[in-house]
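All remarks here apply to the structure that follows.
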């Protein structure tokens, strides 16, 4: 019996993988970026299905509204816009194909782990999960250190990226 | 209900396609896109494990957030580098970036 | 979950609202294309040079800075939701988090990388 | 049940009535609920569209008056009294105009962009609370409320970039690039200002935000409200931040090559975004549906919220009529060198002051702090920050003027 959830999962899974295949197969870089956005959107839908709406919104906000915008703008700044139609299947196809086969085998192995076979989640999601998360991020006993280190990382990225990309006179 | 293994299979597939994009695309920006797909696959795995196995463990969620931070940082620095390389060499094709080959 | 099923339903409506007007107009409007109508519109002059001009990289610097602060704001969202229930030292830690980034902003500003050249 | 009672709780009653009717037709409860919700969704999505038809007329009339013109009139046309139907006439005109497709466009992307921009603009309305909870006046109350709005709005960037890229036109490209880099820059102060109400309310849900506003947040956080308003003006592309269109410089920005209803889609989406931004601002800072007699008659919530949003929309329109267009580097500089630092400072100050007030208040005779005490201290903090900001700006201006004078005299000599 196919449930509604499974249909929705299939839909988002198709979006995700289809988008990813589009990234590989699109001839124009701009189209590849648009496929990538479709893929991100599919992942956001899967987060909703996994009852993590905050992360779905984060996915939209950071990946689509941030990273993908930057990538598209980079395509527009550099010549990749209409650039030479690049051949998709190059000498890397062998290596990548091997990796792909390996990962598919890994995935098939994953399917057979008994602990992961159970279809039902082990518990309910806490209704105030976001508040707990916010609390955990600034608690010294939890994730305070990574939180502050993330800030330092962002500082380094801000200074470093602008230093690299600036116009030198 | 959707079994956990479906999510794992899906993210393995996404990771593989992302890896393929990194290896087969001959353009720096295209490779970066592949990287972002791979990071997405990781996040999807984490969220799926969190939901199915440890819904009360905040570590998974925190880890997802930090992966997001790293992904965004990587994109920012990577794109800045691509821009700098492009300005220097007027190309972003890895096959043409052969200054250090010999 | 049912909330998000409703959001899904609403997305369907939103897409209907997006598709319907152009579709209706497509049915109602005349279709008489000719080769002059489709020419690139650039104030009536004939277009010259390539369409894909280079943009000033300065635009891009702002976009890079945007991404950093975007992530920072997103990181602070769970903290903001938990704020009312946090002790003082946790608030100060978040302020420290912000201050580290302020250092970056001030540095970048002082160096003049946020100034249009 | 008399008529007044029916109207007072209109939406719940209509929903219940429709449910009964559908049930009478033999639909199962699940499908009844789905159909009723679908119809409710059509109302939520269609209401703003109808409002926009009026608001286009209103905006044109107001701007006409500001610029000493008449605005739309009904001289020689059938646009009704005061040309009220002008927007309807425009809509009919647009529906019957030919689509002109530029050569060299990207066929699919060119068509997706206008559809996407309208769909996103409409989708935002799902979470706007038009009335109290249980009054059937909010389509769905997500617990990520405002974040949903912000996250969805980031899809708008792509409709811009797609439109600009697929048009195969220099101006369209430049317009898209400018628009996105501007909106992206203003997203930062907007997000930082948004964190303040979220912090004060302790939730991102729309109803939770309104519940916390016994004192409207514009009193508790006037400076973040101002920052949010300015950033919002930029996000919806209104003057003085109208770089996206800039009809005198780059003809019409990223949708220059669109014609007929495809152009109409961008125009419509722009107005819907203006209106939804006004509604979101009203919810965040002006207390949403709060107002007298809402408990007795929930329908009044819709009236109060609409009035507040109309006020905000009017201010946006006055800006539109009265402001000059700034240069792109000035706009970006204003965001990065003024709004963002100020928003960061405000976030820190609000967090610190509110927490201290809370802690001190809990030590006092009564265990909880009254919202007015809280508002008083926060307002004071805001006032101090405003004074310091004004002083800093004055100093900077003085120094710059001294430099300018020195340069001028140097040239003369």
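To keep things simple, chains are lettered A, B, C and D as they appear, and every chain counts its residues starting from 1.
Everything that follows uses one rule, which is that a contact is a pair of C-beta atoms (placed from the backbone, for glycine too) under 8 Å apart; a residue touches a chain by one contact, two chains touch by 3 or more.
As the structure is a computational prediction, the values presented were derived from the model and not from experiment.
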item	value
Winner on C-beta contact pairs when A-C is weighed against C-D	C-D
Whole-Å gap separating subunit C and subunit D, where each centre is the average of the chain's CA atoms	15
Gap in Å, rounded to a whole number, between the CA centres of subunit D and subunit B	33
Rounded Å distance, subunit A centre to subunit B centre (Cα mean)	6
Two or more partner chains touched - positions in subunit B	65, 68-69, 72-73, 75-76, 79-80, 83
Sequence positions of subunit A contacting 2 or more other chains	51, 53-54, 58, 61-62, 65-67, 69-70, 73-74, 76-77, 79, 81, 130-133, 137, 150, 154, 157, 161-162, 165
Set of subunit C residues in contact with two or more other chains	4, 7, 51-52, 55, 57-60, 63-68, 70-71, 74-75, 77-78, 80-83, 85-86, 94, 98, 101, 105
Overall pattern in which the protein chains touch one another (line/ring/star/complete/other)	other
Touching residues (chain side subunit B, partner subunit C) in the complex	65, 68-69, 72-73, 75-76, 79-80, 83, 87
Of all residues in subunit B, those that touch subunit A in their complex	1-10, 12-21, 23-27, 29-30, 32-34, 36-37, 40, 43-44, 47-48, 50-56, 58-59, 61-62, 64-66, 68-73, 75-77, 79-84, 86, 90-93
Touching residues (chain side subunit A, partner subunit C) in the complex	8, 48, 51, 53-54, 58, 61-62, 65-67, 69-70, 73-74, 76-77, 79, 81-82, 130-135, 137-139, 144, 147-148, 150-152, 154-155, 157-159, 161-163, 165-167, 169
Of subunit A, residues touching subunit B in the complex	3, 5-6, 9, 13, 16-17, 20-21, 23-24, 29, 32-33, 36, 39-40, 43, 46-47, 49-52, 55, 58-59, 62-63, 66-67, 70-71, 74-75, 77-80, 83, 86-90, 92-93, 95-97, 99-100, 103-104, 106-107, 110-111, 113, 116-126, 129, 132-133, 136-137, 142-143, 146, 150, 153-154, 157, 160-162, 164-165
Subunit B partner contacts - residues on subunit C that touch it in the complex	57, 60, 64, 67-68, 70-71, 74-75, 78
